[in-house]
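Several structures are given next for inspection.
In what comes next, subunit A is part of two complexes: it sits with subunit B in the first one and with subunit C in the second one.
For the complex of A and B:
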């Protein structure tokens, strides 16, 4: 009994984390109040980190939590806290599109299940070969993928410049 | 497989009881050390009277912790009429849980071989050996930073959801201060990662059981004395204690971001702060003070600088390592409390200037020097 449970503990935890991630992702979509949406996103990312950890890539899990929660979400929570959006328009508990969204999602899930689920290859357990540890990750990152990474950072820079430009445009309107 | 589970549960139980024990003891150490430093007698009024006798056990005021705990449990659990009760309720746990989780990757001892400890255990465990650490992960140090980043969200959530101006100001201060000092904290340990070539905390500790220059123990503080100082300062700032306690400065903000919390909810914030003192002690010990090993000691025993080697039985090694780790953590904790009762509070702009204009450049400079030195020595 305990032996069976332990043998399948990984799978159970994986399903648990996946289900929690799914639930918090859906909550992020349907909730209205900004801080709760942010909290749902935080928990979704933490659970996704759990999924990565169970797949054996602990440093990806660490980066997931470190960068998305520790940096990105901290700034979002900071911004929500400063803006303090307690206006009455956001008091509806759920989005108005809750039911259309659920129906649409159910249709999409069914289409995917019918069309693709059976054709998916089953990943054999333990067939990953040597573990993808941080040394292998760093080598691959700095030899093969550095250009992709740099391009992404340039993209982020463009976004920052664009945001500044938008603010400047608004200020000019206010002055003139 | 069940043996593995038993060992894992044993380690988890040990880690939680060590952290809770430190959290409780440190509340007493803080009072008693403050009293010693300011030449007072200090906390000595709480006592337990043995029933039907006049014998009062005072024990240097150790029972004050118990009185505190009872008081927090029995006080009224005040609930403010807040805009978001959910965030208000969840915030103390978001602060408290990650602090405990950080300890999962900290090694508190070397390898444990149950069969070598006591022969009958060998029938059950075989000749398996377990590293004394809850989770042996290759991303060790990254996990530490990932979890400690979560507490920032908890502090901001608590201040925002309390519907109180003082709380909101405290949360603002907590957010900006912790973000700034986490950056410094990360940069100071990068030099160590360069030297050891790993982020696995257990591998770092093993690396530190050698010697430098033939006689000095190869501790992180010997390689990186500068980074050690910066790390400790940034860690104390991260923990929001005096001289960096601006988010909860009582003369300005009542109690800052947890002003509206009472009873055990407030106790969770306080307890998380004290446990974090122990966590900082554990991290500093692991990174800079040779972890669970005494100088020149490894799992096999002592290898003294003169070339003499002293072999030790496995049981003695395990007990020595566990004890050494606790002792080192306690010394670092006591040092943090020494700083807390020595320095006055910064002004708020000084705290952020200190982080960005003083500590960050120093940490970067330390990293550059280390990188050049490592490159020069290896090539």
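For the complex of A and C:
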């Protein structure tokens, strides 16, 4: 029995991680304080990292934790800390679009789930469960997709320039 | 229900939850976080398909999405900080300057 359990352990863990990710994503909609929402999002991202690890794409799991949790969310928590946490919108009710939003959520989720359920393309036999390793990924990244790589670096440069422009605009506004 | 179907349904529901959060929440920072949740749903879908098809294209796209998400946050947070400094509020309904 224990051998059976161990044989199915990765499937159980996958379902557990997926359920936890879904629960923490749902919590993001109902929690009031921005800091708690941020913690729910961090846990959702960590559980998704676990899902990626169980799928065998370990480098994406590592980057999920390093980039998303380590950089993006730390930045977000820093912004929450910098702004006043007792802002009235932190405790106010939902926006006026609450019911349209909920109805839209139900329709979108149903359409996507039914679409996936019926029309999911079948995997080629034998392809499932053969994770690609980082060597193959890196070779493809820097030979086939070098243009996308360069375009991404241009995008980062544009982001840096835009952040500087935002700061400049603020200084001009304060002076004038 | 097999693994791939379950993960795709999870990705779809994460995307839908994020979109709902952007619509129904009033706090700007919470809306930004819900956008990150939408990106995470798309990432999960891409990784699952890349894993199923055994191709590296999905993983390359996931990396590009990582970079775009980071750049988005790096621009969005200063804009939110400036908005809060001018309006003294994080409430999305107080930013009505563009209303006709």
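FYI, the second predicted complex is superposed on the first by the 139 of 176 C-alpha atoms of A that agree within 3 Å, B and C clash if a C-alpha of one lies under 4 Å from a C-alpha of the other, contacts with A are read in each partner's own complex, and residues count from 1 in each chain.
Going forward, contacts are C-beta pairs under 8 Å (C-beta built on N, C-alpha and C of every residue); 3 or more make two chains touch, one makes a residue touch a chain.
It should be emphasised that the depicted structure is a prediction, and the values quoted were computed from it without experimental measurement.
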Practice item. Kindly classify A:81 by the partners it touches after superposition: subunit B alone (first), subunit C alone (second), both, or neither? Key: first
Practice item. Considering only touches as defined above, state whether A:7 meets subunit B (first), subunit C (second), both or neither. Key: first
Exercise for review: May I ask you to decide whether A:71 touches subunit B, subunit C, both, or neither, giving the answer as first, second, both or neither?
Suggested key: both
Review point. First (subunit B), second (subunit C), both or neither: which does A:101 touch?
Key: second
Check your understanding: For subunit A, which side has the bigger count of touched residues, subunit B or subunit C?
Key -> C
Exercise for review: Applying the touch criterion given at the start, work out whether A:63 contacts subunit B, subunit C, both or neither, answering first, second, both or neither.
Suggested key: both
Check your understanding: Can you list the residues of subunit A that meet both subunit B and subunit C?
Key -> 63-64, 71, 80, 82, 84, 131
Review point. So in the complex, which bits of subunit B are touching subunit A?
Key: 1-2, 5, 83-84, 86-87, 90, 137-139, 142-143, 145-147, 149-150, 152-153, 156-157, 159-161, 168, 171-172, 175, 179, 182, 199
Point to revise | Residues of subunit A touching subunit C in the complex | key: 11, 14-15, 18, 21-22, 25-26, 28-29, 34, 37-38, 41, 44-45, 48, 51-52, 55-57, 60, 63-64, 67-68, 71-72, 75-76, 79-80, 82-84, 87-90, 92-95, 97-98, 100-102, 104-105, 108-109, 112-113, 116-117, 120, 123-124, 127-128, 130-132, 136-137, 140-141, 145, 148, 152, 155-156, 158-160, 162-163, 166-167, 169-170, 173
Check your understanding: So in the complex, which bits of subunit A are touching subunit B?
Key -> 2-3, 6-7, 33, 35-36, 39, 42, 46, 49, 58-59, 61-66, 69-71, 73-74, 77-78, 80-82, 84, 86, 131, 133-134
Point to revise | Of all residues in subunit C, those that touch subunit A in their complex | key: 3-10, 12-21, 23-30, 32-34, 36-37, 40, 43-44, 47-48, 50-57, 59-60, 62-64, 66-71, 73-75, 77-82, 84-86, 89-93
